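Shared chain: chain A. Partners: chain B in the first complex, chain C in the second.
Right, the complex of A and B next:
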């Protein structure tokens, strides 16, 4: 619900406001008022966003010592070159990329399908929407608790699978190397689909009905209408959904932290890039500067992947 | 273009199935909160409790020394944070939309740009800044950095651009100055937009996990999300208590969702317009 609108909102910027002849004094007064209204925003943005961006860059070239006060030792590019040789960085990167590669496409497709179903002229649309949205409202913390319970040794998932005969004996999903990350994937797809579904729904309502009527006259079936009308017309929305999905998934932290108790275990299976940054910054001594370098690298990765996704999407939507 | 009969049945099947997938985990959680420990670990497949009990809730509220505090802390932080956001975001949005001051467009572009900055890059410097301001382990550390929200500043700006100017001019004719006009006339009239942002900001504070994890060290100052996590690591497999605590942490949000559904849907539409 919180992101940057792009081109479609831009024209509203009131640059061409009709010039009203005003006295110089009134102008000055208005400038003062303008800054008074903006003051809290400017201060908070300065202290907690703008300064930290520069600070973060600076930290990434230093070794930070937290004994007593805070002191820095300039180390040049050492942090960055260390990152390339750090085995845990590569493990975290692999886990994160695997997570992104599964979750983003699956959640996008399910969201699109569910939005199309909801928009197909069925009744009780609002009731269904209201129910579907519940997981998105719930905190990552409570959701992870619920899923840890469901997937626990005595939990309903194991009980069901064992009683049906799929599993010979219960599996401790959350503590098994091969299942831990997959559990998080399932949970997060389940939790984020409703949000993107809502965004798709708004987009679907903007597609002119006449397109579908024309297709009906031509004898198109439901599948053809979906692939030839719905999907191409939703391209800009898909672009947005994929971008937001990528950015969100690359930052996966809460669930990985809670499931592993902050360790990224079992066997580094839930060690995501953000969790690794957290560990180096706050759990081991003397690696805060190194963690800053990793944060910068993560930011670069996110920006690059977003740019590529945007480029690919643009090319595709030419068809 | 009503679908034919059999695809219609299929559509409803998909919808109901997805509804079940959505509700099923919640149902298990809620009902487990009413089950005694023995019933949960016995591994039955019964969704409904055989011997429903309120003991789990009684335990977390009376025997656990910290849980009630966490509920209070979360209310304090989320409410204060929401009030500050509503005031600051609305002021900034109004200023960017209505007041002509030097550098206004630059500030606006800057706000658009910083919306793109991922949170991870701010974590470490913000921690050090909090440390040097002496704010670590205080509610202020949770509230201050989130006391403004760029996306809602943007939303309020869009709202005020379409706001009828005549109303403010009439107020000025009546002798109100800019600040009086804003507080007495404009702010009250912006209520729908303000309500929408208030809900989502409250939700954001309520569900925040990372900030309390980084900034709060004393268990009696934890918020619910962090409390739940530490509660779980202390109580290991006492799922009856953990589920009761989780359910309690969700209830206020569900109540808000039901009472203010209209504004929720409005906020989603704003998200959807992008």
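Right, the complex of A and C next:
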């Protein structure tokens, strides 16, 4: 592999000045000022993020009843050991991992290719960008309803496929065990690709034109330019896209909930980890502790997978 | 580790605060002997939005209540009833009186968040609990024998038939068998006479519709501890005809026809018969004006009438500060006057027999079958483990319908998974 120079990369300059004793007071005042400005955000973070996280961590070690007289019964790791022996947890994990393994790579690749195409200077480039971005602006539950209509038994997709002769008879994409999860995958890819495409587009603006000009002089073709210049230079963006994709996909909930009506059926086909957590948190009373333990487990899984992905991506990057 | 200290301190504070918020008040009944002294009090009543007609009627009824008693009512409308109500109950911000779906009643009453109404009823003159349809009233009687709500109305299942489709097929509505044992033969005969693409019958396949079929065998779906009993051979025998009819294409589910619920499939003339609740009547009349339909009672099983009943109560928050005013409201809304306004306007079935006969519902050709079922239907309520059992049943039953597994295997799996969950999670 040829190494690519990075003219756009700034050398890292340490911004912190060495402390000077006589300016100590001024600096203290400054940092106080800084904290004052941050106070609203810190408070909001504390109340709506940190305390709930801490509280659910605490709940995950208890059998808790939040109704009436709140009662906690400390049960140690029972919730966790129950979770590991729970067949439904493994099914949910399997479904979720399968979903992630399909959706994340595909959506990343499509987003990258579409961004590259829309950045290549074709006609009506801006119009296309706007159109492609529309699905991302729509709420995901509205998208699910539209999608269920499109792929329903009498919907346009089935009609088109049958009239062209690809299918002998319409397929019930949404309700058949073997298609339900796949339908959700297609839907989610369709809905999230534009968002990541926009991020890639922003990243593409940062790649210096000179690289492509140099490549042109060397006689590189479009594919070579894509794989040797665009992809490596976009590695940090790819990192971000993959991370966000992983987190989003592991938390898949609304589509699975709407399609199965909350049961995770048919025959556990759409049982995702978040749906499982929801069932224990809100559908069965008195299992909030177990739901919290599952949520913590999901956090651990997402964290581990994200770290592994980051590691792998870093090794391939040119930084 | 230093950074953990404040976090832990905060956590401890939160727990203490939460515990402090929910100290129990005495739960003595307070019935006002002179209702005029309650004038000017304001209570909050929690409900869900419901249909257009329900929204208008709800306002009308609340207005009438305020006019009669001087008690003001603040509305609280839930969009996601179950989740929001739970959050409100935990946070101590739940309304004074709220709707309770019979399905949730055992779980909520066990948590102690509902006030038992027995003393209130005893202290109220001329209160006739016998006037309620027995299944609707009993749906809110808990295991401890106490009454945790009074039914505001109810719905039952019945058979709908499309007049035009039956006529074209040369079948009279009177030919529809009243015994479920005769249905498979009738349906397969009907299938040949119907145009292609029209299913003979449509119904939703979930435990909420099948409970009475399973229990027609004489075996309850839960044992005395609340564990699931789904794979008893007698139960399988009752369910098997449904699975067989489905496999032969005699029954379809709305999802198979590409619709969200059976009412839409029936309205779109995709099925000649439908087994649905009385809520479909208003839906069909409003959205499918051209479809002429009639109704009948659900067919008997082993010569016994059966149907499902879905009912909702007005229940009192155990923490309410306005006990007397709250009871005034329940007494009014679940009593003759309030219920008449409600049933008239919202088109639901009144849970008081006297109101039903006053409204002459037994003579209404469309509503009569549903009203009759009020006397014998099985309420959709089965202790505090039903949410888990229903979840597994609804998850596994479709696999049996499609023939991926046998009905027996599906039910054994649902039973096993549900019971494992009940054991580990609910600590039975």
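The criterion applied here is as follows: the second predicted complex is superposed on the first by the 270 of 319 C-alpha atoms of A that agree within 3 Å, B and C clash if a C-alpha of one lies under 4 Å from a C-alpha of the other, contacts with A are read in each partner's own complex, and residues count from 1 in each chain.
As a working rule, a residue touches a chain if its C-beta (ideal position, glycine included) is under 8 Å from a C-beta of that chain, and two chains touch if they have at least 3 such contacts.
Since the structure is predicted, the reported quantities are computational estimates derived from the model, not experimental observations.
In the superposition on chain A, A:95 contacts neither chain B nor chain C. Shared-chain residue A:265: touches chain C; no touch with chain B.
Applying the stated contact rule after C-alpha superposition, one finds that A:86 touches chain C and leaves chain B untouched. Of the two partner chains, chain B is the only one that A:274 touches; chain C does not reach it. Shared-chain residue A:128: touches chain B; no touch with chain C. In the overlay built on the shared chain, the residue A:257 is in contact with chain B alone; chain C does not reach it. In the superposition on chain A, contact of A:284 is made with chain C only, not with chain B.
In the superposition on chain A, A:107 makes contact with neither chain B nor chain C.
After overlaying the two complexes on the shared chain, residue contacts for A:239 are found with neither chain B nor chain C.
The partner of chain A that touches more of its residues, comparing chain B with chain C, is B.
Shared contact residues of chain A, touching chain B in one structure and chain C in the other: 50-51, 55, 70, 152-155, 261, 282.
Residues of chain B touching chain A in their complex: 1-3, 7-8, 11-12, 14-15, 18-19, 21-23, 25-26, 28-29, 32, 40-45, 47, 84, 87-89, 91-92, 94-97, 99-102, 104-105, 107-108, 110-112, 114-129, 131-132, 144-145, 147-154, 158, 161, 178-179, 182, 200, 203, 206-207, 209-210, 213-214, 224-226, 228-229, 232-233, 237, 239, 242-243, 245-246, 249-250, 253-254, 257, 261, 264-265, 267-274. On the side of chain C, the complex with chain A involves touching residues 7, 10-11, 14-15, 18-19, 22-24, 82-83, 86, 89-90, 107-108, 110-113, 255-258, 318, 384, 387-388, 391, 394-396, 398-399, 402, 404, 417, 420-421, 424-427. Of all residues in chain A, only 1-6, 8-9, 12-15, 27, 30-35, 37-38, 40-42, 44-45, 47-53, 55-56, 59, 64, 70, 114, 117-118, 120-122, 126, 128-135, 137-142, 145-150, 152-156, 158-160, 163, 190, 194-195, 198-199, 201-203, 209, 212-213, 216, 222, 240, 247, 250-251, 253-254, 257-258, 261, 274, 277-278, 281-282, 288, 291-292, 295-296, 298-299, 302 touch chain B in the complex they form. Listed in rising order, the residues of chain A touching chain C in the complex are 46, 50-51, 54-55, 58, 63, 65-70, 72, 82, 86-88, 152-155, 172, 174-177, 261-268, 271, 279-280, 282-287, 290.
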